[in-house]
Amino acid sequence: MSLTQLDRAASAHDAPSHHDDLRRRLMETRALSNDLAQPLSDEDQVVQAMDDASPTKWHLAHTTWFFEAFVLSRFLPGYSRFDDNFEYCFNSYYESVGPRHPRPFRGLLTRPSGDAVRDYRAHVDEALETLFTHDVPQEASTLIELGINHEQQHQELLLTDILSLFASQPLKPAYRDVVDGETPRDADPTAFVSFDGGVFKVGHDGTGFSYDNEGPRHEQLIRPFKLANRCVTNAEWIAFIEDGGYETAGLWLADGWTLINDEGWRAPLYLERSDGGYRQMGLRGFRPANPAAPVAHVSYFEADAFARWAGYRLPSEFEWEHASASIPQKGRTLGNGFLSPQPASDQARLTQMFGDVWEWTASAYLPYPGYKPAPGAVGEYNGKFMCNQFVLKGGSCVTPEGHIRRTYRNFFYPHQRWQFTGLRLAADA
Amino acid sequence: MSLTQLDRAASAHDAPSHHDDLRRRLMETRALSNDLAQPLSDEDQVVQAMDDASPTKWHLAHTTWFFEAFVLSRFLPGYSRFDDNFEYCFNSYYESVGPRHPRPFRGLLTRPSGDAVRDYRAHVDEALETLFTHDVPQEASTLIELGINHEQQHQELLLTDILSLFASQPLKPAYRDVVDGETPRDADPTAFVSFDGGVFKVGHDGTGFSYDNEGPRHEQLIRPFKLANRCVTNAEWIAFIEDGGYETAGLWLADGWTLINDEGWRAPLYLERSDGGYRQMGLRGFRPANPAAPVAHVSYFEADAFARWAGYRLPSEFEWEHASASIPQKGRTLGNGFLSPQPASDQARLTQMFGDVWEWTASAYLPYPGYKPAPGAVGEYNGKFMCNQFVLKGGSCVTPEGHIRRTYRNFFYPHQRWQFTGLRLAADA
Amino acid sequence: MSLTQLDRAASAHDAPSHHDDLRRRLMETRALSNDLAQPLSDEDQVVQAMDDASPTKWHLAHTTWFFEAFVLSRFLPGYSRFDDNFEYCFNSYYESVGPRHPRPFRGLLTRPSGDAVRDYRAHVDEALETLFTHDVPQEASTLIELGINHEQQHQELLLTDILSLFASQPLKPAYRDVVDGETPRDADPTAFVSFDGGVFKVGHDGTGFSYDNEGPRHEQLIRPFKLANRCVTNAEWIAFIEDGGYETAGLWLADGWTLINDEGWRAPLYLERSDGGYRQMGLRGFRPANPAAPVAHVSYFEADAFARWAGYRLPSEFEWEHASASIPQKGRTLGNGFLSPQPASDQARLTQMFGDVWEWTASAYLPYPGYKPAPGAVGEYNGKFMCNQFVLKGGSCVTPEGHIRRTYRNFFYPHQRWQFTGLRLAADA
Amino acid sequence: MSLTQLDRAASAHDAPSHHDDLRRRLMETRALSNDLAQPLSDEDQVVQAMDDASPTKWHLAHTTWFFEAFVLSRFLPGYSRFDDNFEYCFNSYYESVGPRHPRPFRGLLTRPSGDAVRDYRAHVDEALETLFTHDVPQEASTLIELGINHEQQHQELLLTDILSLFASQPLKPAYRDVVDGETPRDADPTAFVSFDGGVFKVGHDGTGFSYDNEGPRHEQLIRPFKLANRCVTNAEWIAFIEDGGYETAGLWLADGWTLINDEGWRAPLYLERSDGGYRQMGLRGFRPANPAAPVAHVSYFEADAFARWAGYRLPSEFEWEHASASIPQKGRTLGNGFLSPQPASDQARLTQMFGDVWEWTASAYLPYPGYKPAPGAVGEYNGKFMCNQFVLKGGSCVTPEGHIRRTYRNFFYPHQRWQFTGLRLAADA
C-alpha cells in the first residue's frame, strides 16, 4: 500500500461489494492460519529452531496483534485489548510501536500458552466481525488488506520455519503426509525463450493490493535476453555437486566461497547423499529427492555459482517480470497441497513461473525510483530492509493462494536458504 | 558408588528388606518427577532457556533412559527398548555409550512428544516393577540406587531450569503459588562458632549410598577455624551492592572482575531493584525479596568478593564437613515445599547447614587421594568434571528429601549461578 | 582490463612512445610507494590494526609480488624469483595462484624484514627495467598497466590503513605534518544542479586503461534529477548528530540500526567530541575538525540515514557519472598533499566531484550487462566481490594522481568506513 | 613479599653489603633484558602473536615502568617521569594504578618506538643508579627485589612470546642458533623414587625473597607416594599420540575433550609430524624433536590425560616440594643457554627437577592458609589470579638464573601451553 493510497483513503468508506469480499477473504485467511497449525502439537508450536525462524505460536499471535494494533485499536470504538502484555511479546520489528521481546528469544515464550493464543485469535476475529457490521472506513479497509497479506506471508514462514525445526530434530518428523503430483521421472531438457529489448514499464500499477515496495510503476531499459522455460532441477544440481561445483573457487563470489567453507556446505539445505542416492527433508518427511523436481533451499551464492558453472546467469527482476507478462499468475502454490515443488508438468512456453520455488534474481533489493515508505509504523514494512538482500520472484509451493503477483518482490539475504528458493537460468540474447 | 563397591557386588544378590525398601524408594522417586512436572504445560516442558539448562521433558526422559540403558537392558531378560531412537535423544554426556543429541539443541526436541515421554516413563516403570518381582542382582541394585540418586539430581535441575526459563520470559510466571515459612523480618546478627584444628577423617565411609567422588574416606589436616551460624542474607548482600561492591576491583578475582563487567552484573541473578525496593524472581513468581532470607543465585566470584568485602573468607569443604558433624542432616529441602530459601529460623548453634541454599566453599573440585572412577559409562559420572569447578555443600530448598549428606560434593563453575547458590562466612580462629 | 582487450593483445607489441610512457609511469608509481613509506618506522610498517587493514610492509611486498607473478615470471626470460616463500606470504586473494598467508595474520610477518622487502622491491624494479630494454609484448604491457593501477590502489590503502593503526594507539601520532589548503570557515549553503533525464551511455569506452568492472559501456535510463554542488560537511553532520540522528530508528536501514547500536556508533569514525568542540584523527594527527570540510569516514548506513534526515537521497552511480561529464577529472587527490578533505573551494557549478572524499552512491555493486571477468588469476580482481557492496565514485584526498576516472567504480561494504568516504545529496528533479 | 615483611620494612634501611649486592643484581637483570632483545629486530619486538603473549618492546617497557611507578616515583626525590603517557601504555593489570591500554592491543603500539623504549630503559637505569648513591630505605629495597623478580618473569615470557610469534610465521625463523647439550639418544626407562607420608612443613620460610603466594609456611598432610626420576619424554608422548591418546574420550577431563576437539589438537604445541618423523618449533628454529628430551608445550589437560593413559597421576604441589628437599635448586635454566629442554643427563635419584620444563601438578592454584595479599597495587601481583589455574613447579630452560625455588608456585590455565610446560609422573606408594 503506497503512501498516496493511504492519503487518499483517509476519509472515504469502502464500497458494499468490496466490503463483503474483504470480510470473506479476511476470515478465510484467519481460518487458514488455524488450519496450518492443526497438525502441530503445542510443543511443536512453541519452539524456535534458529534465529531466522519464529515459532508457530508466535506467527499466530503476531498476525493477530497486527490487526489489534493497527486496525481494531483505531477503528473499532470500545475495543478492549485482549492482554496488554501481548504487544511487547508479539511485535516483530516495528521500532515506532515500542520495545519488544528480542527475536532470538521468541522460542522461550511458553507463556502466554497455546490456548491463550487461540483465545486471542478468537477474540480478535470476533472483534473484526463486529467491525464489519458497520461501514468500514477506507483507511481501515486498506490496513485490513495489508493485514491479510501480512498474515499470508506469515503462513508461508510458518511452514518453512516448521520445516527448519523438524529438519533439526533426530526423528525428522513429517508435517503432513501427502502425495506428489507427479511420478518421479527425468525432466525434459531446458529450452530457452527469447525476448526483445526495449524500454518497458515495470512495477505495480496501483490496481488492487500491492506492497509499497512494488511501486512506483516506472520505466526500465531491458536488453534482449532469453529465459529458461523451467527451473533448475535436483538432477541438474546433483550434476553440479558431482562435478565438484562446491570445491571450485572460481565459480563463487568471494563471500560465498568463504561461507560455504566456513559452514561446510556441500549441497542445498535439507539435501543429503544417503545410501548411494539423495534424500531430502521436506514437509512430508525425509524422502528420496525427485530428480525432475526443481532444486529448492539454495542460497543466492549457490544459485549464482550454479549459473556460472552452467554457462548462464540469473535473470534480473525486470527481465523476469517482463517475461511473466505472457503467463497467467497461477501455479502450484499452497492451495495445491503438494507442500513441495513439483516437476515441470507440460511443454508450455514458460513453466513454473508462479509457484513451486521462489526464483533468485540478480537484482539487489533496492527502492524503485521515487519510492517512499508509508508514514508511521506500517512504513517499516519493506523499506528499511533495502540493503544487502536480493529479489526473488514467482512464489513457492507454500505461498498462499492469491498472494502472488508478477510485481511481487520477495527478498532475502544471499546466505539464506530455509525458504523454498530455487533458480531459473537466463542469458543475453 | 565406588569401584570397590561395584566389584564386590558382581555376583551377590540384594537382601529381602533392602529389596523392598529399594523398590519403594525407586517408585517414589519416579513418581516425584512426574509430580514436579504437573504444574507445567507441554510447552513449558519442551523449551530450553540457555545452554546450561535442559527442558523438563528432557529431564523426564533422560532419567528414564538411565534405567533403561544401565539396568533394564542388562538385568531384565527379554526387556525390549521403548524406542531405539531415544538413546541418541536422551543420553547426556556418556561418551562411551555413543553419539548423542548436542546439549544446546535439547530444546528443539518437540518430538518425541510429551505424551510419548510419559508413555516411556510408564513403560520403564512397569519394567522396573517386573524386575523387582524376582531377585535383584546386587550389581543391578547398586545401579538402581545410583539411578535414584541420579534422578533426584535431575529433579533439582528440573526446578532450577524451569526457573531460568520463567525468569527469561516477559510474563515472569510462577511455577507454584506457595507461602513462605517465615514472615519477612530482619535476621539476627551473625555469630561465629569456633572449631579446634587437628587431623580428621573426611569423606564417605561406605555405609549406604554415596557418589564415587565422596571417597575414599581419608585424613585431612584442618586448622582452627570459626564458621558463621547462618548464611549471608539478602539484606547483607544489598548492603554490599549499595557499598559499591560490584564497582570495586580490589574485591574481585581477576576473572570475576572481567566477567561482571563484560556481562554487566550488578546483583545476584533474579534480584532486581524495583520501585525503591528489591524484587526477586523465584519459583513463586516475581516478588519482594525477603531481607532475612539467604541470598541465592550468586556465583563463586560474587561469593568470594562478598567474603573479602566482609573481612572474612569462604570455608574449605573440609571445614564445612567437619563442622557439620554436630548437626543432623536435615533442613528446609524440597519436601518442605517452600521452593525458596527461608530465614534462619532459630538460635541453633549452626543453622541452615542443610537445605535453603548450596554453600560455595573455597575448595576446588578435585579428586580425593586414591580416587578412581568406576569402570564403564557410569564412571563418567563425576571424575571427568574435576577441573575448574568449586565444591558446594549442604543442599538447597529444592534438593529432594534424602538426597543430601555431609560428604556430598556438589560442583559448579565459578561463573554459574542459576542454582540456589549462596554462602556462609568463615575465618581462621 | 576487459577480457576482449586481453584477447586482442595476445601477439602484438607495444608502440615505442607508449613503451617509454609506460616505463616512466611504472617507475614513478614504484617510487611513490617507497616515498609513502618514508615517514614510517619499520615498526609502523609491520603492524596490522584490524582485519580489514594490511601492514605497510605487506602492501609494499604484495604490489611487488604482483609484478613478479604476473609479469616477470612470464615475460622476462631467465628471471629468477627473489624468494620462493614470498608468494605464500604476499599473495592477497588469488585462489587460482595457490594457498596464502591468512589475511588476519598479515601483521605477524616480522620476517621477511623491512630490509628484505626493500631489497625485494629493488630486485623487481631492476628486473622491470631490464624488461623495458627490449620490446614489451602487448600482453605484458597490459598487465603492467594493471600492475600500476593495482599499486596505486594499494597506495591509497597504505595511507588509510596507517591511519587506522595510528588512530588505535594512545599516542595518536601524525603520519605527516602538513598544512590545510583552506582556512577553517563556514561552508556556503548547498545548491542543487538539475539534469534532464534520458537514455545515456555509461561505463568505460575502452580508450586507455580501465578495470574490467567499468565496462562494458552500455545504455542506462536516467530520470530527471538534481545533485548537490558540494559534499556534506562536518558542520552539517554535527547538526545531524546533535539532532539525535544516531538515536532515531526511523532514519536507518534495519541492518544499520542494529550495527550502530551493537557497536555504539554515535559519530563518524575518528570524529570525537572533545572539550566542547569536535576533534578528528587524521594523517596529520588529532586536530580540531574543520566545519566546512567534507565529512569523511562514514559508512553507507550513516550516509543513507543522513540523506533521509536531510530530506534527500544518495545519487545512483549512473546519475553521478552522467553529472560528472561536464567536469574535468581533477581534484584534490594525493598529489595535492593535503592528506585530508578540504572545504569546497569556489562557486563552481559542481565542486569536489573528484578528490576529497569517495562519495557513496545508492547503487549496489553489481556487474554491468554483458560483464565477464578476465580468464585466469587477474579475473579475480573485481568480479568475485559483486555482492553486498555499494559503489563509490570520485576518489579521495589520498587517491594517487591519474588513478581516478568518471567511470571508476570503487566498492565497499555498507558497514565499512576506514576509507575517506563521504557523501553528496541528490533528489528527483 | 608478604604483607608482614612490608610492614616491618617501613622505616628501616638496607644493610651495606645487601645494598651492593642488590644494586649488582638489579643492574645485571636490567642488562639481561636488553641482551635477550638483541637478536630481535624492532619489527620482531613490536608484534603480538596472540592475546596471551606480549611484544618484546612491551616487556622491556613494562618492567621499566614497574621501577618507575613503584620505586623511583616514591623513593628518588626529584625523579621526573620519562613520559607521562607511558603509564597508560605499559601498566599491565594493576587496576588500582588506573586505566591502561587493553592487553589484546599491546601489539598495536608502534609508538613509542623501540628507540624511545631503549631510552626509557636508560633513563630509568640511570635513576636507579642514582638511587643507590644514597641509603636505600628498606621498603624501596623490598620493592626493588620484587622488581628484579618481576623482570625475570618477563624475561621468560619474552622468550616464550617470541617463540609463539616466530612459530606463527611461514618462515619459522630461529631466535638464536645454539647447539644442544646432549646428542639425541633414547632416554633410560623411568624409575620411581618413594617417599614416606607424614605432616610436613611447606611454603616459604621468609628467608630471602619469595612471592607472597609462596607463604605462609604451613603444615600439609602428605600420604606416601612415589615420583618419577625424570620428566616424560618426547618419545613417550609420541607413543601416546600413536596409541590414539588424542582420540580416546575416556582419558580426558570433559573440558579438555571439548577443547582438543574444538581446536583440533592432536599433538603438543609446536610439535608436528613431518616426513615420517616429528619436528618441533623452538627458539632454535624448526628442527627434529629429540626423543629423549622432555616433552614441552603441553597443557594441563594433555598432561592429565597422558598420566591417566600411562596408569599414573600428576603429583600434588606439596609432594613435589617435599620430594625436592633432597635436591639442590639447580638445573638447566636460562644461564645454560640451551634454550630448549635437554634429556635427563645422569642417573641421579631425581633429575630435571629444576630447569628444562615447568611441571604441571594436580594442585589448583589457591591461597595457602592464612594468605593475605599485600596492600596497594603490588597486592594485585598473585592473589587475584587464584581461580581456575593449576600450579607448576621447577622452572624451565628459559627461567633466568636465581629465579627458581622449591616453593615457587607458577600458575597457568589448564588450556595454556605456550610456556615450556611438561610433566613428571607420580603414584600413591
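The chains carry the letters A, B, C and D, assigned in the order they are written, with residues numbered from 1 in each.
The criterion applied here is as follows: a contact is a pair of C-beta atoms (placed from the backbone, for glycine too) under 8 Å apart; a residue touches a chain by one contact, two chains touch by 3 or more.
Quick caveat: nothing in here was measured; it's all calculated off a predicted structure.
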Legend entry - Joint neighbours of subunit D and subunit B, given as chain labels: none
Legend entry - Whole-Å separation of chain centres (CA-atom averages), subunit A against subunit D: 60
Legend entry - Mean-CA-position distance for subunit B and subunit A (Å): 47
Legend entry - subunit A and subunit C: spacing of chain centres that average the CA atoms, whole Å: 38
Legend entry - Multi-partner residues of subunit D (at least 2 other chains): none
Legend entry - All chain pairs that touch each other: A-B, A-C, B-D, C-D
Legend entry - Touch list for subunit A against partner subunit B, complex: 41-47, 49, 57, 85, 88-89, 101, 105, 107-114, 165-166, 168-171, 173
Inset, instruction - Enumerate the contact residues on subunit D facing subunit B in the complex. - result: 93, 95-96, 199, 218-221, 223, 249-250, 252-257, 300-301, 304, 362-364, 366, 369-370, 379-380, 384-388, 414, 428
